[in-house]
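Look at the two complexes coming up: chain A is in both, with chain B in one and chain C in the other.
Let's look at the complex of A and B:
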């Protein structure tokens, strides 16, 4: 959340707008642009890798092929990250 | 990218133009125009490009230019004329607007002067040359992904026709590629999520069009550009250029992140024939292309 908030604020977004699971990450009204989204996902991968002790990939063809994008909202990204972390375990 | 992934395709005159001719013989101050056969065929009405006379030729009066444009358009069955003028030529822009042209958008030239594969990390997604099996998917993406480019930016121009143009564009690039045509896609075989069309000549790649499916939520765009540029560099291309709508900040940010520089801003204007049948009313149309 802090990473997303920090990026959004740096890009001139509303700094006091609430950010929760329903918040759109990308697209009209989203917190991030595409470069911001990629940056956040890469940072999240690094955090997860540190916690799990091995590489974790969130940005891959499987994610791209899903009917509903895991990168759409804060909640869907969190859910997808937990899913990948569980699969890693 | 993403919901608003779109670049290029914005040239007032593109590669598919016939020769220019003076609006009126013996009056070079009036500039010259040419028919755009491909756009005319797609839209089913005449489309042309207008080129202003050199700046030292002395401008015609707006009334004379309006009358000559109207006459030339009628003689050639043209309903829409595009024109691109350097953004610093504010006097020309004003005169063109007085003659009936309307501002459509500001375009920038983007250049990556040194394209090197080792400077680009490999894409995290599959980025590959397009195959015949990708054709329908690419046409589908081209039909719905764009919100920028001069036809989409023209509030009076029907969105369906603007979409059709891009769909036909990629179909043509896939069906009739030249030696320099590169169609690069992101996504595994038969599941393309986006495409990038470039024309390569003399070691330079000109990115003409790129788009990512709206539902792909952002990550595919930057990865497509990064991966495509890497593929182009690996085959020996040393420079990349593109023309980008200044309002397309998502793509501008991707280009900036990849090291492109921006220069040569141009103002794009459209002139619609008074009797044009294709024009849409302004009422009820979203003011913001992103609101689509």
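Let's look at the complex of A and C:
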């Protein structure tokens, strides 16, 4: 959530919609525009890389083919990010 | 967000030829330079770090750019120089050669650009320059696979420029004429002369021609120049 807030602040508060685990990341009523989603995923990868000590990729065929997209809500992305971080431990 | 990214440049294929000259040019300009090639480097500099990495191998590219981010905290410039060529009639070109050309020239450019742009995105500033060839607009016979791979680089350049423009990153390509490198040494003299004869400028290109256009494209003042393919020599 900090990463998303950071991006929105950097963009001059492009959206001030409330943010919680159920917030949609993208699309109508979403927290981010398309470039915002890209920027947040890239930033998140780098934050996770710093924590894990090695490169972390959030975009892979397994993630993209899940029946429930990890990129749907703030909560699902956070959960998925933690999964990827654990996989590197 | 930063107005002055770390003066760090990544040059692929920097062990020899044009890549080495571009890397040395950046070193003279005060940059920290990261380079890579499939083989170990036989030259060194206090601000130069070499990775033995094949640009067509995703893991190697991801690891290299992760190291750049950790060590330097950002990246200002990427020059996609690593490339390979094969001059042969398509009907006589083995599948392995086609695969190698496309993997190194096109896939390699795509992988390194993707990972470099991720590092650049954090600083919201970046310059990506890839090398293509005058053989693309000249539709040079005998180089179908090489030309196809570089035409792919050109299309990739134009689309990537649009995708990363919001992140403050420009993406351009420079179409090189024949330049005295190992890549050209295998081309028969008459073929080389015939190619030069089809250019507006009837001479070989030089390393200075290359660094001059790279310098122009990476200047802060060139922030509006993106998605362009600039050919040297006037094909």
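Methods note: the second predicted complex is superposed on the first by the 77 of 89 C-alpha atoms of A that agree within 3 Å, B and C clash if a C-alpha of one lies under 4 Å from a C-alpha of the other, contacts with A are read in each partner's own complex, and residues count from 1 in each chain.
The rule is short, and it goes like this: a contact is a pair of C-beta atoms (placed from the backbone, for glycine too) under 8 Å apart; a residue touches a chain by one contact, two chains touch by 3 or more.
All figures in this text were calculated on a predicted structure; none of them were measured in a lab.
When the two complexes are overlaid on their common chain A, residue A:35 makes contact with chain B and with chain C alike. By the touch criterion defined above, A:69 lies against chain B but remains apart from chain C after alignment on the C-alpha atoms of chain A.
When the shared chain is aligned, chain B comes close enough to touch A:26, but chain C does not.
Using the contact criterion defined above for the overlaid structures, shared-chain residue A:10 touches chain C, although it does not reach chain B. Looking at the shared chain after the overlay, A:54 reaches chain C, while chain B stays out of its contact range.
With both complexes superposed, B is the one of chain B and chain C in contact with more chain A residues. In the superposed model, A:43 lies in contact with chain C only, and not with chain B. On chain A, the surface patch touched by chain B in one complex and by chain C in the other comprises residues 35, 57.
Residue ranges on chain A touching chain B, taken from their complex, read 25-28, 30, 32-35, 37-38, 41, 57, 59-61, 63-65, 69-72. The touching residues of chain B, counted against chain A in their complex, run 1-3, 5, 124-126, 186-188, 191, 193, 215-223, 249-250, 253-254, 257, 290-291.
Those residues of chain C that touch chain A in the complex are listed here as 1, 62-63, 65-66, 69, 118-119, 121-122, 124, 166-167.
Residues 10, 35, 39, 42-43, 45-46, 49, 54-55, 57 of chain A are the ones that touch chain C when the two sit in their complex.
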